[in-house]
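Going by the order they are written in, the chains are A, B, C and D; count residues from 1 in each one.
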Amino acid sequence: MEINGVPIDDTYAEAFPTWISRIIITAVTEDWAYRAAVEATGFATSAIGCPCEAGIEGILAPDETPDGRPGISILICASKKKLKEQVVERLAECVLTSATTAVFDGLPDAEEKIPVKLHFFGDGYEYKKEVGGRNCWVIPIMEGEYVGEEEFGIVKGVAGGNFFVMGENQMAALMGAQAAVDAISAVCGVITSFPGGVVASGSKVGSNKYKFMPASTNEKYCPTLREKVPDSKIPAGVKAVYEIVIDGLDEECVAGAMAAGINAAVMVPGVRFISAGNFGGNLGPFKFELSRIL
Amino acid sequence: MEINGVPIDDTYAEAFPTWISRIIITAVTEDWAYRAAVEATGFATSAIGCPCEAGIEGILAPDETPDGRPGISILICASKKKLKEQVVERLAECVLTSATTAVFDGLPDAEEKIPVKLHFFGDGYEYKKEVGGRNCWVIPIMEGEYVGEEEFGIVKGVAGGNFFVMGENQMAALMGAQAAVDAISAVCGVITSFPGGVVASGSKVGSNKYKFMPASTNEKYCPTLREKVPDSKIPAGVKAVYEIVIDGLDEECVAGAMAAGINAAVMVPGVRFISAGNFGGNLGPFKFELSRIL
Amino acid sequence: MEINGVPIDDTYAEAFPTWISRIIITAVTEDWAYRAAVEATGFATSAIGCPCEAGIEGILAPDETPDGRPGISILICASKKKLKEQVVERLAECVLTSATTAVFDGLPDAEEKIPVKLHFFGDGYEYKKEVGGRNCWVIPIMEGEYVGEEEFGIVKGVAGGNFFVMGENQMAALMGAQAAVDAISAVCGVITSFPGGVVASGSKVGSNKYKFMPASTNEKYCPTLREKVPDSKIPAGVKAVYEIVIDGLDEECVAGAMAAGINAAVMVPGVRFISAGNFGGNLGPFKFELSRIL
Amino acid sequence: MEINGVPIDDTYAEAFPTWISRIIITAVTEDWAYRAAVEATGFATSAIGCPCEAGIEGILAPDETPDGRPGISILICASKKKLKEQVVERLAECVLTSATTAVFDGLPDAEEKIPVKLHFFGDGYEYKKEVGGRNCWVIPIMEGEYVGEEEFGIVKGVAGGNFFVMGENQMAALMGAQAAVDAISAVCGVITSFPGGVVASGSKVGSNKYKFMPASTNEKYCPTLREKVPDSKIPAGVKAVYEIVIDGLDEECVAGAMAAGINAAVMVPGVRFISAGNFGGNLGPFKFELSRIL
């Protein structure tokens, strides 16, 4: 299969279940909502070494938010137990502290809920209030009053949807990856949690040489090792590979994001090959065959 | 004392020691260095609930970095033990994974060093190389090769330098705070770790009502509680307070940042009063008297 | 009429016809499309002193553009004669010169067209090519090849849709204006051509004192002149006024943008009054009564 | 000559005199100063088709501006006659209209001055005031009061300093150009007036085929025409060329910017060759030999 002259590998991305919370952060302006969202979703690239995976899902116009203010929607992804702890900490430290923010549940129809009881911060001065049909707590703070919901829906979603953008040199692959991230940013229900949405150093599970390492470089996908390792997965003429990793609310939106990203990446001159990462299909229940989703 | 007609409270900011690492992240362009820096310094507003405090110190021109590429300098602040763990995790998850980044020690003259051994990620394919006079490891990765130093100087610096911007309404106080942060961003050696550099919800230690809370709203500084609590610190006519919290490499640069920030804040129409936070002087060894530093 | 406690003046905005061209700029990434769009829409706030009015209408995902790349849609507004000249100059100087850009007609169904013959720049090396169903010219340039359509639909739209955001102080009014612009940015078919979308210095036609001036400060709307001029339009308690000026493809989208902007502005604390500007209804054919559109 | 393995052409950039005004725009925050600066320097890439050349020189901390607020310094470049007209129009339409801005002369020591009489906009309500040692006019406007100087120093500077970044493919050349612009942004006294600082379509004077064209594609520097035109300047292996054009206050700062940009560009993988543009030395009085400035 080829798109715009770029071969698409006959393979699939393997992905795993994750629990996801979607949080709507509103503020007086989009800028201020964005600042809170960036802080709240930082240090959250990969569950391997970060306490969760998180990212910005999208921008919400005032008429799309419960309180009629500009908003940003973020997704936080982790195991169920860690998810609650992380949502509490990130809202408490990064959003409650942020100027003019309010917080609302972005999955009000989810069957499962987690409690996020920030109102104890009010030390008894807090009170309840309905805002846009949502049951909120109001907490007196230095800037005035913070408003937020304290129950957040969570759903079992998909983590680790992915594809590889391979280029004839590093800059071509990187711009291909950036074009992919631009395209994915318009897709609802997904995030790309790595810096700029792009992974420069994909890993394999464990390490052959250093037994204490939970993960190490995926030498089969390292262009500089192409001649040095057996079974290199680097096609002739490829000098750099970037991985786009996608977490999303369900299989459909992850597949849609993968398709949007790949279709954008192949438009970039110097992108030579598209593939995807899997672990042989034994681990993750979700398989995204490139030929099917495109 | 008054500046530009705004009264400056006759008080001081009380601050505490912290260990600090300064890391220089370079990349192919400033944009890409910035993306890595933002991710690496996220979820790091306050040591109360975040694993560390971190922020962007400044932008470095290519002729200011060891490898001659655009760079961003970040500071990571924590206890000595946590600092090592956080630098390792944040570099491993947020910078090594980020496109085209390299990492260098920003405190090469510090007496104390922490090891940050990312090279094990190379699974035996890594090798040593000198870059710009620095001893680096090169790790083969999917995009090509990652380059980074593995020893980082740490110094005992200052956390919690602060001042309060009080306004006749919320927007005046917020813009005063933002002007302060703009001014501080030009000061070397400091960060403002909260979202957009501004704290909306300053806290007191513990809670009067909820004994399980390590911190709670500082009701004396809550404008909506001015008539409800004894000893409110809110001057007449003040409707909103923002706190600027500053961490820095030493007392001098924190004092300089406080002065730059306050001088900028008082230029904003509607800013009515400047004060600072302390705990009576019993806890922290650093005292920044506003009348002295201005 | 009141929204969120803010009185809405019982008045209308008066607007005028203008010719409009909508241009789709695509590039290898959204960043590069944005850079071209910003340059092409600069020095274009008001037809009084600028050669045209122009602004960014919105961001287009790759699957919304003719060539499958990230895009930005801009509107350029002027008299029919000036419009052709400005579209030619701005595309030639600001987009053809910009990295990786291509240009497509954003109003392909318009009955009237203007020719924009950039292909002569190719000095005979140019050639025709179909891209995404559009008839384009390809021009060899230093970066490779530029691709662009050379016929652009134009429609008779609306210029000067407007409303005033009045605040109890300057910062409240400004943040109200910014929230309005955030909301309008999500509305299709419109631009706000002033810096940041906000006008700080609305004008009246002519000048009472300086006869050579085509326009001068609108003293009736100057808060500092409230006690000095007869018939001041500044309500008691208002200290600052910002105007949001909207150009759009038709009356419906301008009315929608006005409503979205006003609904967002009134959510900002310290915004005290909303009004709109007109010239008594004698000049412009379009009247947007605030009570009707909200 | 080679830097980082990249050959530097044994040639020179040829540049021309231009008159330059440096304007300091301050505002309540850096964001608002930036918005005004972007609008005021738009549609100003090349004097061939734009009314002037203009760009952002740098960011100024509050302690570097006359009124103690965050600032942006811009340069506007044109013939002496056009310069006055353009400074007047751009300040009147793009800065006086912009929220919270004030304007100051950035070349107070220049011998020649141009008058920029915006105060007539005040229709008699304007008055004089000293701000930071500068003689300013205060004009009552809708947001409150605008403050600005009305005499601006101008100097005879240098336009058209330049170099070419050539790459093994388009994305490598583009990222090389962007790294160059990042480096130049830290140099005082210069601007890069094209979108993102980069020129994709360098031109030659006139046209061989279309006699009515004042400029046309420089076919000798078009990679796709390498085999089709005699005397192509494209080295073997080069697939894309970007030009960085620099205007500056004097020869020294233009040379410094060229050196900073070239040194940064050659660090980008896939950049293959650096050259510069001249017209044989017959036209411009300034010659920047690459071997001398580096």
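By our rule, a residue touches a chain if its C-beta (ideal position, glycine included) is under 8 Å from a C-beta of that chain, and two chains touch if they have at least 3 such contacts.
Remember, it's a predicted structure, so these values are computed and weren't measured experimentally.
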Report summary line: A correct list of chains touching both chain A and chain C reads B, D
Query - B-C compared against A-B, more contacting pairs - result: A-B
Requested in this report: Would you mind checking which chain's C-alpha centre is most distant from the centre of chain A?
Outcome: D
**Report entry** Averaged-CA centre spacing for the pair chain B and chain A, given as whole angstrom
**Finding:** 25
Report summary line: Per the C-alpha centroid definition, the whole-Å distance linking chain B and chain C comes out as 39
Query raised in the report: Which chain D residues sit where two or more other chains touch them?
Result: 28, 31, 144, 170-171, 174-175, 268-269
**Report entry** List of chain D residues in touch with chain C within their complex
**Finding:** 28, 31-32, 35-36, 38-46, 48-51, 89-90, 92-101, 120-125, 139-146, 164, 170-171, 173-174, 177, 194-196, 198-203, 207-210, 212-213, 215-219, 221-225, 228, 239-243
Query - Footprint of chain B on chain D - complex, ascending - result: 4, 28-31, 59, 61-63, 67-70, 144, 175, 178-179, 182-183, 186, 260, 263-264, 267-269
Query raised in the report: Residues of chain C touching chain B in their complex?
Result: 31, 167-172, 174-175, 268-270
